[in-house]
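Structures incoming, each one as C-alpha cells.
What follows is subunit A paired twice: with subunit B in the first complex and subunit C in the second.
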Partner chain A sequence: MADTAFSPPPTRRLPLPGRAQRRGALGILVVLALWQISVWLIDLPAYFYPAPTDVFAAFVELMHKGILPAYLLDSAGRYGAGVALGLSMGVGFGLLIGLSRFWSRLLAPLINFFYAIVEVAWIPLLVIWIGYGFNTILIAITYVVFFPVLYNTLTGVRTVQPVLINAMRTLGANRRQVVTSVILPSALPNIITGFRVGAGFAFRGLIFAEMIAAGSGLGFLIFEGATTRQTDRVVVGMIMMGLLWLLLDRLLLRPVERATIERWGLIRAQGDGA
Partner chain B sequence: MTAIAITPPPAKPRIDPGLITGALPFVVLITLWALAPTLSDIPAYKLPSPMKVWTTFTDMLANGSLLPDVWASLKRLAVGYLLGNLIAIPLGLAIALNRAVAETLTPVLSFFQSIAGIAWVPLAIIWFGVGQGSVLFVIANTIFFASIYSTVIGVQSIPQVLYRAALSHGASRWDVVRTVVVPGALVQILVGLRTSMAYGWRALVAAEMIAGSDGIGYMTLEAVQWYQTEIVILGMILIGILWLLLDYTIFRPIEKVTVRRWGLMS
Partner chain C sequence: MIARIPEAWRTPVLTVSTVALAMAGAAVVGGMNARDALAGVDLSRKPLDVTVRLPFEPERFHLEAFQEVGRYQGWTEDGAVIRAADPEGLRRLARNYWVDEIAALEID
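Then we have the complex of A and B:
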C-alpha cells in the first residue's frame, strides 16, 4: 500500500530471501519463542504440553534410532503409489466420460454419489474387507486423488476449442490423433490442477489411514505417540507432516502447475467439493 | 497462483444426467451386491445383503439409535463451522490489512493449514479426552485455518491499483475496507467457506472415528469391532447422502449467487 504510484512492472522474483521471506521467518521464530515461554510460564506435565526442546530431543532420538527415516519412507511409498494410481485412473476415466456422451450419462450420477462418500468413510469397510496394511491405504489414497483429477480432466476436455479439433480433422487426423495432440495437451493444465488438489486431500487421507490401518508411517507415529503418552513424538510427527506438505507443494506441485499453465494457458480448479 | 491451492470451486462439470441411463449403474451395482453371496463365496459378515442394510436402517430408525448420532454429528459440524469461520474471517481481514503483519504470519498460517485436521486428533485426545471436546476442537481448528488462509490470500490478491484509486478519491481507511478490501476478498472468502466445509466434514468423520463417543463416524468405526458390517455400510451411505444434502442445499445456491454477481468462478 505504501508503493509509489509508478512502480516498475512486476519482474519475476528470484528465490532469494526477500522482505516477505524475512518477515515470514520472523513469524515462525516468534511462534516458537511464544511456545517455549508459555511452557515456562504454565507449569504442565511434559506429556500434556511438551516444550520445543522436548520435541527437538524426540526428533533427534527418532532420527538416531532410524525410526523416523523408516516411517517417512513407508509413508512416501504409500503416498506415491496411491497418487500415481489415482492420477492415471482419473485421467483415463475423465477422457472416457469427457469424450463420450453415452459414458457420461451412464457414469456421472454414480461418480457424483461415490465422490460424496469421502475416503475417510471407506476405511472401516476396507479394514473389514482387506485388513490392515498397504492395500487398504493404497485404495484410500487412490480414491481421494481420483475424483478431483477426474472432474478437472472433464472440464479440460469440455473446454477444448472446437476450432482446434475441426482444424485437426480437416487435416485428416483420426480420433486417436485428435486426442493425443489436441485434447490431452489442452486439458493438461486442468489435469495438473486437479492433481494438486487431489494430492492435498490425499496427504491428509494418508495420515488418517495410517492412524487406523497401519503399523508404521507418519500417521502411525502421531497416533502411537498419543497412546503411549509420548506427546513429544506426536508433535514431531505433526511438524514433519506440515513441513513435508509445504516442501512437496512448493518444490514440486506448484512449479509443475505454473510451468504447465505458462505453457498451455490459464485455468481454474474444479471439483474440490468433498 | 496461491489461490488455486485452496480453490475448490466445485461447480462440478455440467454432466448431463439422462436420468434413466444414470440410474442404470446403481441398479446393476445393487443387483450384483444382492447376488454376491450366490455368485461367490464372500461370507455374509464381509458383505451383508442390501436388504440387511435396509432393515438395519429401518430398525435403527425405529428404535431411535440412529438419529441421535446423525444429529450429534450435524450439530457439532455447525458449531465448529460457525466458531471457526466467525473468528477466522474477521481476524484474516485484520491481519491482511497490514502488509507487514500479513507477511509475517503467512508462513505460520500456511504451516498450520497444512497440518490442520486429522493430525490434531491424537493431541486433542491428550488435551480434552475422548469425546465431544476433542472432536469439536479438531473441527474448529481445521475450519479456522482453511478459512483464515483463504481470507488473507484474498486480500493480498486485490490489485494495488484499486487501493490507489480509492485513496486518490479521498477515501478514508474505513472506506477502503468497506469498498475495496471486503468486496475484493469476497470471492476468496466464499472459497474459504466452501473449502473449510469440505475439510471440516472429513475432519468431523475422522475425529469421531478416533476420538468420538457418538456421532456418525463413531457409529461407523465402532461397528467394525463387532463385525457389524451392515452398520458400516449404512454409515458410509449416510455420510455420502448427508454431504450431498449439505452441498445442494447450502453451497450450490451460494455459489450460484456468487457467480451471477461477480462472475469470477468458472
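Then we have the complex of A and C:
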C-alpha cells in the first residue's frame, strides 16, 4: 500500500502508429517513388505528366497565393450545406414514405424514376434555370445525398421490430411517441449509414458541379488547371480531394457511425474494418 | 474535460473543435494582417483609390477579389490599382495573408 501511495502517476504516452498505419504510409511512399522514377524514365513534358516534385511546388505556390485555402473553404461550405440539406430531406421523406402507405404509393415510383437520373445530367439544366454558382451546386449535392439517406431511412423504419411498437402501444403511447421513442432510434444506425454513403457520393457531386457551375472550389481548380495546361494543379486538386475525404471519413463519419451503432444499434461495432 | 466526452464521440468532437479553433485562429491572424496592411490608408477619403501590393503577379482568383472591392484598373510594378474602392471591401481584402500592403494611390 505504502509503495503505491508514493509511486509517480502513470505517464500517458501518445499512441504509436499501428502496423496498419505504418503499412499505409509505406504504400504511399512506394507509389510516390514509383511515380518519380517513371517521370525520369519516360521523360515527358511536365505539362503532360508532372512529377511529384512539380505537384508539391504547385501546392506550395497555391498556398502562397491564397488560392488553395480559399477554394478549400468554398468547397467545404458548399459540401456542408448540401449534405445537411440532403440529410434532412432524405430523413424527412424516408419517414414519410416509411410510415404512410398513401405517401409510399404516391412517391415511390417518382423516387425510383429520379434515382436513375444521375446528378451530372441535371447540372446543365440547373445552370440554365438557376445560373452558375452556389444554388446550382447546392441542389446537385442535395440530390446526390438525398437518395442513399432516403433508402436507408426507409430500410430502418421498415425493419423496426413490431414487438417494440406493439409494446409501446400497449403502454398507451400515441403515434408521435412511437415514432420518437421506437422508430427513430431504431432507424438511426441505418440513417447514419445512409448519411456516410451519401456524404461520399456528395463529394463526387460537388466536384462535378464545381467543374461546370462554379468559379472557385476544388472542382474548378481541376477544371481550370486542365484548360490552362497546369496539370500539376490538376493533380494537387485530385490529391486534396482524396485527402479531404480520407480525413472526413476517418475523423468524422466513421466514428459517428460507430458511436451511433454502439448506442442505438442492435449490432455492436467490431473494430475499425477497412 | 476530454475525459468527460464518451470515448466513442471523442474523435468527432476533437476534430470539430480543432477545425473551429483553426478557423478562429485564422480570423485573428487575418484581423492583425488587415490592421498592418491598411496602416497607411485613410479609409474615409473619397474617392478611395489604392494600390494593393502582392508578393507575386495576380491570377484570375486575385483579380476577381479586386473587382469585388472596386474598379480594378490594372497591374503596375507598384501593385494592383483599384479605383473607387469600398472601405469595407478593402478591410475584407486586407485580411488575406497574401496581401502585403494597401497604399493610397499617389497621383503624379
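Please note the rule applied: the second predicted complex is superposed on the first by the 249 of 274 C-alpha atoms of A that agree within 3 Å, B and C clash if a C-alpha of one lies under 4 Å from a C-alpha of the other, contacts with A are read in each partner's own complex, and residues count from 1 in each chain.
Note that contacts are C-beta pairs under 8 Å (C-beta built on N, C-alpha and C of every residue); 3 or more make two chains touch, one makes a residue touch a chain.
These figures come from a predicted structure and were not determined experimentally.
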item: Fit or clash between subunit C and subunit B when superposed on subunit A; value: fit
item: First, second, both or neither for A:189, with subunit B first and subunit C second; value: neither
item: First (subunit B), second (subunit C), both or neither touched by A:156; value: neither
item: Subunit B versus subunit C as contact partner of A:216, first or second or both or neither; value: second
item: Touching partner for A:86 - first (subunit B), second (subunit C), both, neither; value: neither
item: Contacts of A:258 with subunit B and subunit C, given as first, second, both or neither; value: both
item: Chain touching more of subunit A, residue-wise (subunit B, subunit C); value: B
item: Subunit B versus subunit C as contact partner of A:117, first or second or both or neither; value: first
item: First, second, both or neither for A:198, with subunit B first and subunit C second; value: neither
item: Subunit B and subunit C, minimum CA distance [Å, superposed model]; value: 15
item: Interface residues of subunit A shared between complexes with subunit B and subunit C; value: 258
item: Of subunit A, residues touching subunit C in the complex; value: 64-67, 70, 215-216, 224, 251-252, 255-256, 258-259, 262-263
item: Footprint of subunit A on subunit C - complex, ascending; value: 6, 8-9, 11-12, 15-16, 55-56, 59-62, 64, 96-98
item: For the subunit A and subunit B complex, residues of the former touching the latter; value: 1-3, 5, 7, 19-20, 23-28, 30-31, 47-48, 97, 101-102, 104-110, 112-114, 116-118, 120-125, 127-129, 151, 154-155, 158, 193, 196-197, 200-201, 203-204, 207-208, 211-212, 219, 222-223, 225-227, 229, 231, 234-235, 237-239, 241-243, 245-246, 249, 254, 257-258, 268-274
item: Subunit B residues touching subunit A - in the complex, by the definition given at the top; value: 1, 4-5, 7-18, 21-26, 29, 46, 99-100, 103-108, 110-112, 114-115, 117-123, 125-127, 160, 163-164, 194-195, 198-199, 201-202, 205-206, 209-210, 217, 220-221, 223-224, 227, 229, 232-233, 235-237, 239-241, 243-244, 247, 251, 265-266
